[in-house]
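Dropping the structure in here first, questions after.
By written order: A, B and C. Residues from 1 in each chain.
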Amino acid sequence: MRRGPSAIVAAVVLALLVAVGLVSGSQHILTLTIQTMVLAALASSWNILGGFAGQISLGHAAFFGLGALVTRELWLGGTGLGVAILAAVAITAVAAGIVGVPMLRFRDIYFAIGTLALGVAVFITAGNLWPGITSLPAEDLRNYDFTGPYFVALSVLLTTVAISLWLKHSKVGLGMMTVRDDEEAAGATGVDAFAHKMIAFVISASLAALAGSAFAYFSVSYYPNFAFSVLWTFEAILVVFIGGIGTIVGPLFGAVFFIVGRDLLPTDIDEFQVVLFGLLFIVVVLLMPGGLTEAAERLVARTRRPDRETTAEEPTATKGKELI
Amino acid sequence: MTQLILQSVVSGILVGGIYGLVALGLALAFGVLKVLNVAHGELLMLGGYASFFAFTYWGIDPFVSMPLVFVAMFGFGVLLYLVLFRFVTRTEIHTRIKNSLLISFGLVLVLQALAVRFFTADERTISTSYSLEAFTIGPVRVPVVRLAGLVVAVVAALALEWLLSRTRFGRALRATSEDWTRAALTGVDVRRVYLIAFALSAALAAIAGSLVSLGYSISPSIGLGWTLKALIVVVLAGLGSMRGIIVAGIFLGLVESLASVWLGGQYREVVALVLFLVILSFRPQGFFGRAHA
Amino acid sequence: MRHRALWVVLAVLAMVLAACDSGDDGSDTTQAEETSTTAAEEEPTTTAGEPTTTAGETAEAPDAIRIGGVVPLTGAFAGGGAQVERGYIYAVDAINEAGGVYVEEFDAQIPLELDVRDDASDPNQTTSIMDELAGGDIVAYLGGFATPVHAAGSATAERNGIPYLGVATSTQALHEQGYQYFFSPFPKSPDMAVTVFEMLNGLVAEGERPLNVGIFQEATDWGEELGPLFVQEAENHGYEVVYHETYAPGSTDFTDLILGAQAAGVEALLSLPTPPDGFAIYQQMGELGWKPPFNLVIRAADVPTWNDLGPAGEGVVLSTPWHPALGFPGTEAVNERHLEEEGRPADPVVGSAYALIEILADAIERAGTLDHDAVRDAIAATDGLETIIGPITFREDGTAEVPNPHMQRIGGAIELIWPADTATSELVYPAP
C-alpha cells in the first residue's frame, strides 16, 4: 500500500500544527486552530457512525455536550484534567451504550428522527439543570494560556484520526461498511448488523465526548447547554459532507474549509456566509457527494497517468445511485 | 386544580390543532414524494412573515390574508420544487429520503439566514382587536384565535381528504404515493403530481405559519422547532399515512399540556419527546400506519 | 496515493496560517515595530491608527480612540440592544462635538471612534467578536444587553485584559467573581428586589396593598438569583409569596403558571422574562381573562413593542434603569435628539448606555494614556462623576449606586411613577 508519501505529508502537517501551538503569539490564530481541531474531531466522530456505518444521527451533539459538561464540572471542581476527560469519555460511552439499545433498532429515517428527538430532549434538560454560565475563575482568566488547550485539542484530534484510520482498515470497520451498504445483505453474510452499529455508535459517541472535553477545556465562558445545541450536530454534518463523507481526510478538510472560510469572509455579511455554506452543502449533496475530497481526487487523477485506477476503497457510489 | 387540568386540556387540544396542520403538509410531501423536508418549518416561518407584513403594512386581517398567503407560498413551493427537490426525486426511495434530509437541511440554513438578513432577528406577532377575546365555557376559557386555528386545521385536513378521495387528481396522488413507477405506467404525470403535492405542502405550512404569527410569535429561528413537532406528529400518525394527522397533533398537544401541569413547564417538551420515542419503539408504524413488511 | 493532494493542501494551509501569525494581530507583543503608524495629528484619516509609544518623547497620537462595542442588534435582545447602541452613539457624538477626549500622553484632543458589532443575542458570538476586536487595538469594550451576553463578555474581557463597561445586566453574581475589568453601573438584583417593595409600600396605602405576591421565575442564572431575593424582600416588607414557579425561557404556553397564580390569589405579580416571553405571558393572561392588580415586569427592553399588546399590556409596571424625568445633566439634549430621530422621549436604557461613554471618557482623561490597565484603574477610581444617570462612584466589585426608577404603561404611554418626587404620573392601581 502506498502509504509513504501520504505519511510524510501527514507528518509535515502535524509538525506545523505543533509549531504553531508552540510559537504563535496570535490569539486569533490559536483560537481559530483550536476551533478547527475541535470541529474536525467532532466531524470525524460523526463520520464513524454516519460515514462508515451509514447511520445518520441527528442527535450527535448530545454526546459532545455530555463530554463537555462532565469535563468542565469535574475539572473546575478541582479534579485533574486527565481524570476529568477520562471520566467524561467513560460516562458518555456508557450512556451511548444504554441509549443505543433502543435507538439502533430504528432504521434510516426513524433513526434520524429518533436521534433528533433525543438530542433536543437532552438539550432542554441540560439547560434546565445547568442554567448558569460556566466561566473560568478570574485568576485563570487573567493568566490564560493557550498552550494547554491547544495541545489537548491536538491530541484529541490525533486520537480521533488514529481511531478512524484503524477502524477503516479493520475487520470491524469492514463489517460496519457492509452494514452501511446493505443491512439485510450484511445479515445474510453473517455480519451482526446490530453489534456493528452499536460499536460504531459507542465509539462515535465517545470520540464526540472527547471533542467536547477539548471544547470545555478551551472555552473561557459559555452556557452549558450550548454544547448540546443541535447546531453542533449540523456543523459536524455540514463539514463531513463538504469534506467528503466516509473518508478519513474529509472531515478534517471540511473543518478547515469551514472555519477558515468563515473567518476570511467579511463579517458584515454574516448571514450571507451561512447562505453560502448552505448552498455549498446543497451543491455537494446533489452534485458532488464525495465532497471536496472527491473534487481533489478528480483534480489529481487528471494530472496522473490515465491507467491509474481509483479503487472502490473510498465508499462513494458503490451502489448505483447511492449517494453515500 | 380541576380548572387547571380542564384548561390545560383545552389548551392542549387547541395547540394540537396547529401541530396537526403543520404536520399535514409534511406528511403530504413525505407520503407522496417520499421526500423529507426539514425546511418545512422555515416555510411555516415565511408564511408567518407574509401574514405579519400584510397585517402591519396593509392592515389585512390574517384570516383574510390566509388564502393569499396560501397561494403565494404555493408558488414558492413550486419554485423550490423546480429548483431543488426535483433533482432529489430522481433517485430511488431510500436515497431520496437521505438526500432530501440533507438538502433541506442546507435549505434551512439558507432560508433562516436570509430571513435574518431581510426581516431581522426580532420577534414579531400579530395583535388584532379580537386577539384577547375568548369564549367562556364553564371554568374554561377558549380563546377565539386559537379556536379559529383549530377550525382552520380541521377544515384543511377535511379538504385534503376530499381532494385525495374524491378527485381525479387525488387518485393520481394516492397512486403515486403507493408506487410511482406503476402510477407512471398507468399514465399519471408523476412529475406534475410531485410538483403540486410539494407546493401544496408548502402552502399548508404557510397557513400554519399565519396562525403561529397570530397566536404566538415568529422569528427567523422558529423553523426547526416546528419541524420537529411536525415530524413527531407525522411519525405518530404513521409515516406515509395521511389519516389521523390532526388527531396525532392533538395527542401531542395534550401530552405537552398535561406534562406541564404535573412536571412544570420546563419539561413539557422533554416529556413529549420521550413519550414519542417510547411510542416509536413499541409501535413504529404509529397510530394509524400499517406495520412495515 | 490519492490523498496526497489533500495533505499538500492542508500543509500549505497550515503554513499560510502560521505565516499570517505575524501579520494582523494586535495582541502580539512584538507588534509595535511591524505596524506602521502613518497618521500624524494633522492628517485625519478614516482608519484608526495604532498608538505606539517610544520612550521619553511625546508619542504620535492616534487619529481616534477606538472603542469596541458588542451589542445584540438582532435576536431576542434586539429591542434593548437598539437602545444601548443609541446611547453609545449619542454620547460619542456629543463628546466628539465638544472636541473629543484629551489624552495627556499625546498632548492632544482625540475623537472617539465607536465600532459596534452585532452579536445576534448569542453569547458565543459575543466572545468571538470580542476576541476579534481585541486584535484591532481598542481601548475598551462596551457591552450589550442582557445577562447572557454580559456573562460571556465579562469573562472574555478579563482574559483579554481590556476594560469592559456594560449596562443592562442585573445579575449580581457576575460581580462576585473577582473580575477586575468589568464595570456595570446598573441596578442589580439585591437593590431591585428591595426597591420593588419599597415602592409598593410608598405608593399604595396600607390597607390596599397587594400582599399576596406571585413570582414567575425564569430558569436562567438571573432568574435563580432574583427569585429568592424577591421572596426574602417580600417577607422583609410584610408581603407573602403565595405562588412561586419556574419556567424555561422560550416556553410558548404559560397556562399553568397563569391559572396557578390565579388560583393562589396572587395580587402582585413579579416576573423577569426574556423577550418575547413577557409578551406571551401577558397576551395569554389577556386570553384567560385574569390580571392581578399589580404587575411588575423587569425588562425595559420591550418598551416599543408592548404597544402591540393593547389592553393586555395596560397598567404593567416596568423596572428601568433611567428615565428622562430624573433630569440629570445631559438629559435634555439626549431627549431632543431621541424625539427627533425616534419620535418619542428617550428610552430607559439609552441613558445608562450614554453614561458609560461619559465614564470612559472621563477615565481616559484622568489616566492620561490609552493603556488598558491605566484606563481600568482610572475607571475603578471614578468618584462622584456627574453623568446622565447621576453621580457615579464605583464599588470594588464594579457596581455603583444608580437610580432604579419604575415606570408604568398608562394609556399607551410610559409614565414615571417612582421615585415619587420626580414622578410624571401616579401609579394606576389596580391595573385596568
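FYI, contacts are C-beta pairs under 8 Å (C-beta built on N, C-alpha and C of every residue); 3 or more make two chains touch, one makes a residue touch a chain.
Please read all numbers here as calculations on a predicted model, not as lab measurements.
Participant: Line, ring, star, complete or other: which describes how these chains touch one another?
Facilitator: Complete.
Participant: A-C or A-B: which has the larger count of contacting C-beta pairs?
Facilitator: Counting C-beta pairs in contact, A-C comes out ahead.
Participant: Provide the C-alpha centroid distance between subunit B and subunit C, rounded to the nearest whole angstrom.
Facilitator: Centre separation, subunit B to subunit C: 38 Å.
Participant: Between subunit A and subunit C, what is the separation of their C-alpha centroids in Å?
Facilitator: Here the centre of subunit C sits 37 Å away from the centre of subunit A.
Participant: Distance between subunit A and subunit B based on Cα centroids, please, to the nearest Å.
Facilitator: So the centre of subunit A lies 32 Å away from the centre of subunit B.
Participant: Taking each residue of subunit B in turn, which ones touch at least two of the other chains?
Facilitator: Residues 116, 266 of subunit B each touch two or more of the other chains.
Participant: Would you mind listing the residues of subunit A that make contact with two or more other chains?
Facilitator: Correct list: 124, 128.
Participant: Mind pulling the subunit C residues that touch 2 or more other chains?
Facilitator: 120, 219, 248
Participant: Once bound in the complex, which stretches of subunit C touch subunit A?
Facilitator: Going by the criterion above, the answer is residues 1-11, 13-15, 17-18, 20-22, 24-25, 27-30, 117-118, 120, 123-124, 127-129, 131-132, 134-135, 148, 151-152, 154-156, 158-161, 173, 177-180, 219-221, 223-224, 248.
Participant: Touching subunit A in the complex: which residues of subunit B?
Facilitator: 36, 84, 87-88, 91-92, 94-95, 97-99, 101-103, 105-110, 112-114, 116-117, 224, 228, 231-232, 235, 239, 266-267, 269-270, 273-274, 276-277, 280-281, 284
Participant: Per the contact definition, I'd like the list of subunit A residues that touch subunit B in the complex.
Facilitator: Going by the criterion above, the answer is residues 56, 102, 105-106, 108-110, 112-114, 116-118, 120-121, 124-125, 128, 230, 234, 237-238, 241, 271-275, 277-282, 285-286, 320-324.
Participant: Could you list, by residue number, the parts of subunit A that touch subunit C in their complex?
Facilitator: For subunit A paired with subunit C, touching residues are 1-3, 5-6, 9-10, 12-13, 16-17, 19-20, 23-29, 31-33, 124, 127-128, 131-133, 135-139, 141-142, 144, 220-223, 226, 248-249, 252-253, 256, 260, 267, 270, 293, 296-297, 299-301, 310.
Participant: What residues on subunit B touch subunit C, complex-wise?
Facilitator: Touch list, subunit B to subunit C: 1, 3-4, 7-8, 11, 15, 116, 120-123, 125, 127, 129, 131-132, 134, 136, 141, 143, 145-146, 216-217, 219, 256-257, 260-261, 264-266, 268.
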